[in-house]
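First chain written, first letter: the chains are A, B and C, and each begins at residue 1.
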Amino acid sequence: MTYVRNAWYVAAWADECGAQRPMGVRVLNEPIVIWRNAGGELAAFEDRCIHRLAPLSLGRCEGEKLRCMYHGLLYDRTGCVIEVPGQDKIPSSLHVRSYPVIERHKWIWIWMGGVSQANETLIPSVIPPIGLEHPDYIYGHGYLDFAAEARLINDNLLDLSHVSFLHAESFRLGETWTRERPQVTQLERSVRSERWFKNQGFNGSLDFKIPVDTYFVQELFIPGVLLMTARSYSGGTADALNGQQPSDFRRPPESSSTQYSFSIQAVTPLTCKTARYFYIVGDRRRGDETSYDMTTYEKGFAEDKMMIEAQQRNIDTAPSRRFMPTSADRGVVLFNRLIERMAGEEGRSGESITSDGPPHGSDKKESDCIDEGDCR
Amino acid sequence: MTYVRNAWYVAAWADECGAQRPMGVRVLNEPIVIWRNAGGELAAFEDRCIHRLAPLSLGRCEGEKLRCMYHGLLYDRTGCVIEVPGQDKIPSSLHVRSYPVIERHKWIWIWMGGVSQANETLIPSVIPPIGLEHPDYIYGHGYLDFAAEARLINDNLLDLSHVSFLHAESFRLGETWTRERPQVTQLERSVRSERWFKNQGFNGSLDFKIPVDTYFVQELFIPGVLLMTARSYSGGTADALNGQQPSDFRRPPESSSTQYSFSIQAVTPLTCKTARYFYIVGDRRRGDETSYDMTTYEKGFAEDKMMIEAQQRNIDTAPSRRFMPTSADRGVVLFNRLIERMAGEEGRSGESITSDGPPHGSDKKESDCIDEGDCR
Amino acid sequence: MTYVRNAWYVAAWADECGAQRPMGVRVLNEPIVIWRNAGGELAAFEDRCIHRLAPLSLGRCEGEKLRCMYHGLLYDRTGCVIEVPGQDKIPSSLHVRSYPVIERHKWIWIWMGGVSQANETLIPSVIPPIGLEHPDYIYGHGYLDFAAEARLINDNLLDLSHVSFLHAESFRLGETWTRERPQVTQLERSVRSERWFKNQGFNGSLDFKIPVDTYFVQELFIPGVLLMTARSYSGGTADALNGQQPSDFRRPPESSSTQYSFSIQAVTPLTCKTARYFYIVGDRRRGDETSYDMTTYEKGFAEDKMMIEAQQRNIDTAPSRRFMPTSADRGVVLFNRLIERMAGEEGRSGESITSDGPPHGSDKKESDCIDEGDCR
C-alpha cells in the first residue's frame, strides 16, 4: 500500500488520552504511545521501549516523564532515556523515536514523516466561527473500525455516487447523486468536488416539504481528511448564479430557515488492512435538542463498512484484479494519483515507507547495547 | 491442490437460492453469485463487480437483471454491463464472468471450466424411479463445513474401511468393512467400489435379528460426487451368484421386506483448506414416519469432521510428509491419479487452475477503464 | 527461533495423562502423543499415524498397544506397526517416531534430540528431602499458556529486576531487585544468579515485621527449567559471611522460624510463537493450611503474560528490531549465547531443527507404500 508520510494523521479523540494515562494507538502499522505530562501537554513516542521492545503504553506517567513498567527505563518528554535502574552510566543520546503531535478540532494529530518537515498549517481549517462548537449548531461524532485498507474508505468518500444505491434506505438521497457528475478540482494537497442540487430536498433528500437549491462542497485532504459543507438557497439560485458557488457559501447563515450542515471526517490506516474512520457531523439546531440523533449516520456508515469489508475480501482472494474506473471516479483517480506522486517524491528523498517504519531512533547503532558492552 | 475444472460442482441446495435474492457462494476459492431472474431461472456470475470488485451478492435483482448496489452498475443475465448510472457511453462487450449453472437432484451445480465444454450429461444420474422423491422412501439431508481440503473428504469416502474404527460407536457396522477388500474399478470419470456382506446384518450392521446378504455399491464421480446403494437378499444369494452383482440390484425392490438404502453426497472445495459436504440419505419407509431420523448420520459425519480436521492440522504442521497407502487405499490411489491426469490435461489445453481463477471476463483489457479514459 | 534439541522438555503434568487415555501435546512445534500401557508405563510417539497422518492421540490404548482409530493401524510400545487391518503382509521395520520419555518431579519430560544421547541425569535435581512432597511444606502449582515465543519467558526469568516495576502491585518486592545486581555464573548447561537481601523483608518483601537477611539463588537450565530457592537468616549474616553463600543454604531448615521457599518452573515451546509455562511453588507450612493460596502468584504470572504477549506483538510488527541489553541482562545474554552455541553444535552434528522435525521414522522411504505397491 502507498501512503504519504509527510502528513498529519488523526490518531485519536483528544479526550481519549486522559491525564497521566499513556494510550497506545497504531498509525501506518506503527505502534505509538501518546501521553500527557503533568501539565497536560502531549507527547508521542514509538510504543516500544528501546531495551526489550515492551510497549510504553503499559508504562507509567511520572510528572514530566514516562517510565517503561517492564524493567523501569525512564524517558523524558523528548524521548531521551534518562534512567536505567541499577545502572549509573547511560550512553548519551539514547532515545526512542518521538513524533510531532498536535491537538486540534477535538482530535490528536500525528506527523508520520520527517520531523523537520512537520508543518501545522497542513492541518485543514474548519470554517470559523462555526468550528466544532457553536450554540446554534448541534454535533454528533464517533468512530468505526474497518477490516479494510484505508484507501478503500477514501475512495468511497471520493465518489459519493454510491449514496443512491448503498445508502438508499438510510440517507434517502435522490438520484441526482448518481445521475449528475460534480465538478472535480485537484488542488495542491486535496481534491475538491462541488455541485448544485436544484429544486429538490436539501442535499437531494427524498424527504422534504419545500424544494430548495443546495450548494454542496466536499474536499478530501492528504492523507485522508474530509471536509463537507452544504447550504440551502431558495429555488432558482443555482440558475441565477449560472452554477457558480454563491459568494456567501462559506459564511454561516444568519437566518435559521437556511439549512446548513457540515461534516469533518478522517480515515487513518491502522495496519495495511485495517483503518479507523473518525467522524464529526453538525447541523443547525432545530429546537432545544440536547444530543444529535446519529441513527441515520450510524446506519449509513455501517452500510459502508459492510460493503467495503466485503470488497476487501474480494480483493484479497484475487489480488491481481484491477478496478475499472467509470466517469464517476474522477476524484478517486486524481486523489490516488496525487498520493502516488507525493509518496514517490518522499521515497526519492530518502523517506522510508516500510512496515518496519523509519530506522531506530537510537544514535548508538554501532553497539546496540545500553551498558556499552558490560553485560556481555 | 489439484482440482479438475471441467466438472460440475455442487454449489448449494436449490431452495437456498430464493426468488430475487442473490446468494454468494464459493467454489474452488472463487466467489460466485447465484441468482434467479423473475421467472426463477438461475444465473451464476463471478461475485465481483468489474468496477470496484464489490460483491454482486450484495446486489439487487431487478426482474431479468442484477444490479451492483455499491455504485449501481446493471448486468443482464449473460453478465453484460448494460448500465453505468450517470454515464451514457459504455464500452461494448463489457461483462463479468458467467458460469454455466443447472438445478438438479435438489442441488445447484456449477461448471467451473471452459464454457464450451459444459455438458449436462456429466452430472451423475440417480436411479429411477426412486430419485429423491418416492412415497415408499423417506429422506434426510444436510451439509457440514470442514476446515480441511476437499481431497481429504473424498479420500475418506473412497476407503470405507474406516467405518469399523472411526464410526464404531455411531454406525455400528462390523469388521467386514475393514477385514475384507471390496472390488474396485476405475471408470472414465469415476471410481466404483462394490462388495457383498454375507449372512450378517444389513450392510454389515451389528444390530440385526435375521441375517441377510447385502450387495453394496458406491461410486465417486469427478469432482467429488458420491452415489451409494445397498440392497438386501436372502442368505446364500452371494454364494449362489458366485459374488456377482445381482441382475435386479438397480431396480427398486417391490417387497417391503427387502431393505434398500441409498445416499447421494457431494464434496465441494470452498477454498484451498475448506470444503462443504452435502448429503442426502434415503431408506425404505418403515411406517408412517414424517421425518428421517438423522441422529446416527449426524454423529457419524461429526466423527469424520473431527478426524479429518485433525488430520489437516497435522498435515499443515509438516507439509512435506506423505501418506503411505495400504491395500485398502486402492480406490483412493485410483481416484487421485484420475484427478491428476484430468487436471494435467486441462493444464496442457490452456485452462488455468490458479487461485485467481480464469482471466478477467472483460474484452477491453487494454484500457481497464469503463469510460474509455475520460475519468483520468 | 533457535532451540536446543538434546534436552528434556516438560510436556505435561504426570497426572494429566491418565490410564489408557492417549494425550496429545505439542513440543517444538511437533505434535506428540503420550500414552500409558496397561501397566502405567509411558510412551511418546509422533502424533501422526504413518498411514494418513491422522493423530494417534485420537486413538485407543489396547493393553500394551496403541491403535489409530481412523483406519485401525496398531502400534506396539516402541512405535512399530504390528497390524494393518485386512492386510496380511506388513513391511518390516515400519514405525512411527518414538521419543524418550520420563516421569519425574510430577512432570512428564520428553527428549527432543537424538535418542542415543538421551541422558536422565540432565533433568535438574530438586533439593532432597524437600522434593515436591514434605509434610512441613505446602505446595501450589499450575500452568499458563503464552501467545509468545518461549525465549521471551526465559529472558523474563533471567532478569528479575522487572519485579520492582511489573510486579509492584502483586509480589510487592522492594527496589533491591532492580537497584542491585546479582552475581551471575554460567555453568555447563545453566546460568545461575544469586544474591543477598540484607536487613529487609524476606526476599526483599515490602510486607514484614522483623527484618532478616535472605539468600536467594535461581538457576535456569537448558532448555528452560528454573529452580529458585530462598532462605532467611538473622540480620547481619550476609555481612558476617562477607556475601558468600551460607554453608547450610541447601539443607532445609529445622526451625520453623526460618523462612524457606522454593519454586520449580519450566518453559516449553509449543509452537514458534506459543509456549506453556509450568510452575510449582512451595513454602514452609505456617499452620494447618490445606491448600496453597496462589492468588499473588497468579496475579504476578498474569502480569508477565500481559507484558510478554504485548512485547511479542511489538516484535512481530517490526521483526528487524533488536533488543539493547542493560547491565541487568547479563544472565539473559549468557543463557542465550549458551543456547546458540549448543544448538549450533547440534546443527553441525547433523541434528535437524526444522519445523518439520526430524526425518520420517519409516525405514522404507524408497516406496512410501505400506503394502509394497499392491494398492497402486
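One rule holds in what follows: a contact is a pair of C-beta atoms (placed from the backbone, for glycine too) under 8 Å apart; a residue touches a chain by one contact, two chains touch by 3 or more.
What you are looking at is a predicted structure, and each value in this text was computed from that prediction instead of being measured.
Minimum number of contact steps separating chain A from chain C: 1. Residues touching across the chain A-chain B interface largely differ between the two copies, under half of the numbers being common to both. Centre to centre, using the average C-alpha position, chain A and chain B are separated by 47 Å.
The residues of chain C never reach two or more other chains; the list is empty. Only residues 155, 159, 161-162, 164-166, 168, 175, 178-181, 306-307, 310-311, 313-315, 317-330, 332-333 of chain B touch chain C when the two sit together in their complex.
Across the complex, chain B is touched by residues 29-31, 47-48, 50-55, 58, 67-73, 84-87, 355-357, 360, 362, 368-371, 374-376 of chain C.
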